[in-house]
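The structure is given below, and queries will be raised subsequently.
We just call them A, B, C and D in the order they show up, numbering each chain from 1.
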């Protein structure tokens, strides 16, 4: 079951690669949140109930609802143009993402000492690298935030893999989420939102030597 | 306890001097330097008479125990240092006076002056490599601060930094050398050097010695490590330049001599290496000195030349020891040591005289001057004496040391086997040429500056040369110069113990040493003076009867004002320049005379230092270009910043995979 | 002592002979050989005119110039008889004493602030500087052959027997003559009889000296001639007994003088620009001497 | 006890944040300093004691904690004067001090933590508070710097987190769930090499953002440039140390496995590149704060090289860390005065500083000596050891270029600093030379004095402490 969800998760990455509207990105984030919720529900069933509830709530509330809504609110508020404006055409990024995913598959096969299903590893790693790739290839700050959240989701998945032995890790993942939300609040409530949210990073690169 | 006392003096000085008036700061400095000099000189003198002082500090975890040893060699250098510092501080106290409004700066200046003195003394006596390095850099920093006394000019700062960096490179070389030894033996004490180097292979011994030679050579100013001198001396105040080229560069010589004592190596190879480098140094120094227009630069290049002469002495000494010829060895080392003293004397005297002029005109450009002997009679005569001495002409001190070196050379010529004798004869040629070129150079310097008629309108001249702070030290130095020139045997007696450290001779005046002539030299110089006096007396006797009419110089029929038609410095050395053009590098730009009624024409020559251009300027330029290539890194783009991380990780993940993949291909 | 006297004596008639030879060569009768001395004595009596721009240097220089040459003269031996002063390495002293004199000669010229004298001194200083090494190498190699470092010992020990020594002696003589010419700035490098200041070296340096000083300078150059003559004499007749050396010496001096006279009357002087090369040639020649010396002592064969 | 401390610190910072009255602010600061020192002394008194099972006061943590507590005093005091001089907005002041206290607290906790995850958490907190400090000025530049700092740091800390997960996967293979460092060191030899390598790579790369090495050094430069100088002083000393602690703790784990040499390779590469980058920019820079920031990078590179070279290099690395913290912080604080005098960080606008503020000028000269590791600076001793370790370790091909680069750096820094000290800019502009607070001056001098003293004559206790800290690697 989880495998299917993870596959879905990977597919969302592909979709992200070809999507070119911010709103779509936000929707993808929400979808990933739900997927994560599903995984958590299935995987972590045997850890103690309080922790489980905490995690489930976190996945649903923060990942699936709070962050997307908040991003949506920002986009609306600063009327950021709907286009994602990637540096590269979508076809290229699609190819690259595919390559990344395949590469992660290969790497995971190269590794033999697993006691966790490789699919976790694959999806997490591909999420990480895709996220980094998206950061590099997109122009808007808001997209950077979104991509960072994607990376996080990947990490979250990875932490699920170890979830049963070490629930602690999952909690850390949760903590990371909280940090991110705090950052988002902190930044976009504060001036950066006004100064820099709707412009692309190239204009936020005056500090250089 | 010498160290404690010196510490106390410095502390007291540092505490008190900031609160004194600018005028009194100088006197305080004089007092402090004198105190240090007296204390240390006492130990030095007794060391020269065979009572070495040695004690051991517990030291710290870093240094290990610190051994202090005042042996004759150290003592000899300590005395030189003390003397020059005393004259320099007295002269400086007058020289600085015109800057009295900038009190803070003067305070810094005197404090660093004192530090320089103390650290130089300490360098002579400390026998622990870590402490040695520390002191070395203290000396470098303090002298750097001395150099940038007039730091308001940015080119002074530039010159200072240049000096700082080059001396730092020297430190690095020494550091490597010391570390190499320290990695072998477990302590930092000099005493273990011998055993360590004895254990090395001959090649390594040679490299080790070369490392030390390079490190100390930077300070001493052997080519190609000399390029800081011509920049630093013009930048520094005159008393500092006098002190620097008097004793600071000598500490490099001291280091080399000390390492010759401490390390074991093939003496002959090192001897030939030093000899050849020194010949080149001497020639190069004097050849560039001639074409300089800035008096202090000229003097700086002469320091290089004299270092060359000292080096020749050291080389001969090493070879003498190598060939087991104690005559040659003693002549060589004695010549080197004595010339060290001599150079410190006449060079500081020259710089002080230059200072007197600089204080007046705030310019060191020779072409501007002329006829100064009428305004600065004392300075002129002293400058003349110093020039004669630096040219190594009898009856002055320079001649004595050069004479010994000549003797050593001729001695070696008959000793060495065939191909090597060429080195010696080369040295003879070199020394003779150096002497001749020095004469050319200083006839130019003295003649153009002090004689003839002014080549530019002087602003109102209020001569201050007769102030005791400038006269007293200069005449003091002059007296010592004469003393060495006429009674060298006295100083030779003091050289006896230092010489014994290098050679196996027990008694300097044993006929075996070949130093017996030195007694007579003074006597012959006396005769020379006597004859001159006699002739001059005769002349005055005769001339007094007939009255002398004064008239203007014969102008070959031209009756107008011929001042502008005088020979300038550059025209004086034009023939030489033409001759040496292929070797030197002189940037010329001129406007030719044209038309029947030509209007103004000019011709500038800027002498460049070829070695500096080739070995320092150009490589630096290339390296900086190389660095600028990489200045895209911090480009302000967030994406790139993330990318770097990705690349870095990818490098270490994929590279091994790739390599293993390639391996797999090649294995089957 | 003897050598010193002889040199003094020789110096009295030396340049007289030169002039006589030159005038005979040019078909004139010419003055008596003591004419130059008479001139000098006349100069001694004359009043002198001194330039306003000059300083004390200008007045003391000629005396020191002479003194240096006298000093040098005292060092020269004569056959088996030592010089007045003789000690190991005295030839170094010899060269440096002369150099000291030259130093003063040059700066006294610069003291007048005249463009011509500046020119002359510039040339003089360059030439003499280039001449220094040759002398040292020659003496050094003679010292290498004999193993001594003083004129007297070297010359007494230097024995002309083998082929190489002939060659050596010849070259050395040539070098000594040329050095002498350069020292006195005579024919090949400079022509004392020229009348264009722009082409002079030594003469142009003493334009402003007059009276006693001029006399001193004149006599100095006479003295220099006879000193080098004495050196050449010693080279050949190093260890002949004292009484025998006197005629030899006088003979050599006369020959030397006539030789110079002929040179000056039949050769033309070099272009000023070529002098430097010519002087450098001497250095390389002296290296030949050194090689020869190496062969003699058997280090090179 | 540590919980008490954390709670106390947090509450004080919250109070500070809420407080609008200056005098209360002063009192609160005093109280915080007191608390900090109380806790430090407490930790000193009972060493090698586990607190709350997540914190352990071993030698390294004690050293770093001492450094932190010493530097935090001048930093806080200096800040007081600093804010005071600025537009005195109570809200920003409260935020500033609150953030700084949180930062110090988080650093303390991160040093002490004995659990890899706990370290990570507190490092995250330092990022939070640090970004608040960078944000202090609220100008376009500071906003940009803040954004970059946050982003780069969070990405790198995510990498660290991934590294931790990999480590736990490796642990999972041997059925081990305890992430305490001590336990990790024990099980390290049994761990699977692939996962260990991977996790080291991720964790190292992540922490480079904090310690300021290639590849993630970039954001830190802007942060140090844009933050107020007291914060910059903290960033370039104790905040770097936390990165070092993070790496060092994990390095101790790796050091007991076959991965050791591979890890050394990574470290040396990163370190050498860092020094190279520092050199590249030293020549271009016209902004003294950025110059100092790059010099921190250079020094971190040097000490990491020492760490990788091993032998006496271990000792030298930690010594270098300590001394560099003191030297650099004092220098930054002095630059603060300079900034107040000229209202500029540009080297070309600053001139003849020695004339305006002699004491400061002298201090600058000394700190130049100290920071460029010219003897008798203490840093010279540590560098000497590092060179020695390179020489004995057979890294001559590293040593030679290293020396060249260092010389270049001294050249660049020297020409900059002495120009500022002595050469007047344009016409003699009468800079507003308000008298510098002597107390601060004295504190800065003390910091420098410590550098020289600890370097040349380290007390036996100190040496023993460092040796104890590195003993983990050698046994």
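Quick note on the criterion: a contact is a pair of C-beta atoms (placed from the backbone, for glycine too) under 8 Å apart; a residue touches a chain by one contact, two chains touch by 3 or more.
If you're wondering where the values come from, they're calculated on a predicted model, not measured in any experiment.
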### Query
What is the shortest path, in steps, from subunit A to subunit C when you may only step between chains that touch?
2
#### Entry: Comparison of B-C and A-B by number of C-beta pairs in contact, larger one
B-C
### Summary
Top of the farthest list for subunit C, CA-centroid basis, is A
#### Entry: Approximate Å spacing (C-alpha centroids) for the pair subunit B, subunit C
36
### Query
If you average the CA atoms of subunit C and of subunit D, how many Å lie between those two points?
78
### Task
Compute the distance, rounded to whole Å, between the mean C-alpha positions of subunit A and subunit B.
69
### Summary
Expressed in whole Å, how far the mean CA point of subunit B lies from that of subunit D is 43
### Task
Can you tell me which residues of subunit A touch two or more of the remaining chains?
132, 135, 144, 204-207, 209
### Summary
Multi-partner residues in subunit B (2 or more other chains touched) are 631, 634, 638, 642
#### Entry: Interface hub residues of subunit C, defined as touching at least two other chains
none
### Task
Chain pairs that touch, all of them, please.
A-B, A-D, B-C, B-D
### Query
For the complex, which residues does subunit C have touching subunit B?
44, 46-57, 60, 62-64, 66-68, 70-71, 74, 85, 87-89, 92-93, 95-97, 99-100, 102-103, 106-107, 110-116, 118-119, 121-123, 125-126, 128-133, 135-137, 140-141, 143-144, 147, 149, 197, 207-208, 211-213, 216, 273, 276, 283, 287, 290, 294, 297, 299-300
### Task
Over in the complex, which subunit B residues touch subunit C? Could you list them?
370-371, 373-374, 380, 384, 388, 391-394, 399, 403, 406-407, 409-411, 413-414, 417-418, 421, 425, 428-429, 431-433, 435-437, 439-440, 442-444, 446-448, 450-453, 514, 517, 520-521, 524, 527-528, 531-532, 534-536, 538-539, 542-543, 546-556, 562-563, 565-567, 571-576, 578-579
### Query
Quick one: in the complex, what on subunit B touches subunit D?
60-63, 102, 104-105, 108, 130, 133-134, 136-138, 140-141, 145, 148, 151-154, 157-158, 160-161, 164-165, 168-169, 171-172, 175-176, 179-180, 182-183, 623-624, 627-628, 630-631, 633-634, 638, 640-642, 644-645, 647-649, 652-653
### Message
Quick check on the complex: what are the subunit D residues that touch subunit B?
### Response
147-148, 151-152, 155-156, 159, 198, 201-202, 205, 208, 214-216, 218-219, 221, 266, 270, 276-277, 279-281, 283-284, 352, 354-355, 358, 361-362, 365, 369, 374-376, 380-381, 384, 387-388, 391-392, 399, 403, 407-408, 410-411, 414-415, 418-419, 421-424, 455-458, 460, 463
### Message
If we count contacts the way the header does, which residues on subunit A are in touch with subunit B in the complex?
### Response
110, 129, 132, 135-137, 144, 201-202, 204-209
